[in-house]
Amino acid sequence: MHIVFIQTGGTIDKDYPRGETDHGYEFQIGVPAVQSILPYSYAMFDYSVVEATKKDSLDLTDEDRKLIYETVKSQSVDRIVITHGTDTMVKTAEVLNSITDKTIVLTGAMLPEKFMTSDARFNIGMATASVQALPHGVYIALYGRVVPWKEFPALHQAYEAKALSK
Amino acid sequence: MHIVFIQTGGTIDKDYPRGETDHGYEFQIGVPAVQSILPYSYAMFDYSVVEATKKDSLDLTDEDRKLIYETVKSQSVDRIVITHGTDTMVKTAEVLNSITDKTIVLTGAMLPEKFMTSDARFNIGMATASVQALPHGVYIALYGRVVPWKEFPALHQAYEAKALSK
Amino acid sequence: MHIVFIQTGGTIDKDYPRGETDHGYEFQIGVPAVQSILPYSYAMFDYSVVEATKKDSLDLTDEDRKLIYETVKSQSVDRIVITHGTDTMVKTAEVLNSITDKTIVLTGAMLPEKFMTSDARFNIGMATASVQALPHGVYIALYGRVVPWKEFPALHQAYEAKALSK
Amino acid sequence: MHIVFIQTGGTIDKDYPRGETDHGYEFQIGVPAVQSILPYSYAMFDYSVVEATKKDSLDLTDEDRKLIYETVKSQSVDRIVITHGTDTMVKTAEVLNSITDKTIVLTGAMLPEKFMTSDARFNIGMATASVQALPHGVYIALYGRVVPWKEFPALHQAYEAKALSK
C-alpha cells in the first residue's frame, strides 16, 4: 500500500519563524507536519510527501488550486491525503471533485503540529485510516469526523455553533 | 453519531505510579488515554468511555475476555472502539467475532499516551475514523493500518520482521 | 519563600489565535507561560503571577518599561522573575538597574512554551533557581546561562555567531 | 564554562522498554535525559555527559555510591550536575560531602523526561543555573527549590505532607 501526502499549507504546518522576522509575530509554513508524525506511527505502508503550496488556505488562489489539482491528478497511486488550511477546504475539495479514480482525504488541524496539544496527530491518523477504508471520492477529515466533502459545510457550521456556545 | 470507547488496558494507558510503589519501576494502567486525547480533537460526535479491564494484554484471562465481550454486546450503539494491549489483540478479536451487528475497532499504542512521542493520538484517530467508515465487523487499527482482524497476524509479523531488520 | 513572576510578553507567551483573526498568521501573547509550567514543577514555594504588559519586546515603549519598573518596585518581596521577549531584555534590565534591594532575573524563550520543543520550562527552571541563589541585582537567564545583565550583550553576540555558523 | 552531567539513574531517565520484556510493565533506565534536554536549551556552555550507574536510587549500593564519588572526584572541572533518583539523593549527597573543591548539584524528576508533563526540563534548568551561581558545596535542586543537601530532608518532608494533604 502506498499513500501520497500532499502539503498545501494551513495551520497544521505553521512554525515559529525564530530569528527570521523583525518582530516574530508571524507564523510561517514549515516542513510538512506528516514528516514529524509518520515516523512515530510505526507505519507499515509506503508513503511519499509532496509539497504543492505552502500557504494559509485563505491565501490560496485559483491557480494554486489548479496546481493542487494537477498534483493529485498526476499521482499514479489512488490514495491521497491532502493537508490543508481549514478555512477553504471545501473550495479545494470542489475543484478535486472531478477526479473519480482516487480516494482523496483532506485534513488539517486547529493548532499547529508543533504545539503540545495539537490535534494534528489525531487528524493525520483519521486521514490515514480513511484513505484506506473509503471508496474513491473526495472526503474531509476534521472535528473527529470523516465526511464526503459536500457534507462538510454543515459539520463546520455545527462546530462553529458549538464553539460559540461555550 | 455516538461512539463507545472501551478500555481494557495495555501500553496506551500505562502511567507512572509516582509514589505508589517502593521502587517505581512498574507501570500501572491509568485512566483511559482517550479521555486525554478526545478533548483535543474538537470531536463533533458524542462518546462514552467504559472501563472493562485494566490489564496488560498478556494478563487477560478467558474470563476477562468474556467480560469484554459482554461489555461490547450490551452497548446499544453499533460503533465500538476498544483500546487494548498489542500482544493479544487477535485473541480478543476472535472472541468478539460472533458479534455481527456492530463495527468494532481494536487499537492500542506502542508507547504510553503520556509519552511525548507516543503513537496513541494517531492510533485513536485511526480508530475513530475507521469505526465511522467501515461496515460491521471486527478490525484492528495499528502500525498505520486498519485491517480485518484475521489479517492482523500477517501485518504484525511483517512489522516484527521490519523492526528486527533495523 | 515567595517569588513574584511578572509577565511582559515575548515569545515565551505566544499562542496561536485560533479563530480570532482572519488569517491566523499572527501570534498573540497568551496567558503567562509560568502558569502552565509551575503546576508541573512540584513547587515548594509561594508565588504570584502579575501581568505588566503583553507585548513582543520590540514593541515595548519607554512608558511600558516605566510600568514594568513600577511593577517590580512595588513588590514587597525581593525575588522577582520577569518573562520578557529576548530582543530587548537588556534595555529593560538597564531601567531596572537602579533597584538594588531585590534579586531580579529576566528570562524568556526562543520558542513559545506551547511548543513541544520549547526551551521555556528549562529557562523558567533556571530563573527560579537563580532568583533563590543570587544576591540582589539584575540578571538575565538565557542560552543555558545566568549572567549579570551587563554581560548579556556579549553572550547574545556569541550565541548569534554560533547560530550563524551552523 | 564547562559543566559535567553525571547520570546515576532514577525516574528522570526511565523509558518504556518496548518489546524487550515479556510483559512491558517495567521501566528501564534509558539514555541520560540531559541528552534530550540540552539540545533544546540553546546552551552556550560546553558540557559532557558521563554514565556512572543506571539504577533506581533505591537499588544503589555502597559500591555504586563509591563509583559516583570517584566519578565526581576525577573530573577536572568544578561544576557537576548529578541526575539521580529522588528517594536516596541525600545518601549520595552525604558521600559527596567531603568533596570541597566543586559545586555539585543533584537533581532528578518526579516523572520521566519522556512524559509530556515531566518536571525534568524545569529541574535540569534549575540545576544548570545553580551549578553556575553557587559556591562550592553539595546541593539538591528539586520541588522548585535549590538547597544545601542537609536541608533537603526537611524540604522533602514538607513536600510529602503537602502531597498527602491534597
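Per-chain residue numbering starts at 1, and chain names A, B, C and D are given in the order in which the chains are listed.
Criterion: a contact is a pair of C-beta atoms (placed from the backbone, for glycine too) under 8 Å apart; a residue touches a chain by one contact, two chains touch by 3 or more.
Quantities reported herein were computed from a predicted structural model and do not represent experimental measurements.
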* Structure fact -> Per the C-alpha means, the centres of subunit A and subunit D lie apart by a whole-Å value of 42
* Asked: Whole-Å distance, subunit A centre to subunit B centre, using C-alpha means?
  -> 26
* **Centre distance in Å when subunit B and subunit D are each reduced to the mean of their C-alpha atoms** => 35
* **Residues within subunit D bordering two or more other chains** => 110, 116-117
* To do: Quick one: label the inter-chain contact graph as line, ring, star, complete or other.
  => ring
* Between which chains is there touch? -> A-B, A-C, B-D, C-D
* Structure fact -> In the complex, the residues of subunit B that touch subunit D are 11, 14, 16, 18-19, 22-28, 56, 58-59, 85, 87, 110-112, 114-117, 163
* For subunit C, which residues count as touching subunit D in their complex? -> 1, 37-38, 40-45, 110, 116-119, 121-130, 132-134, 141-146, 155, 158-159, 162
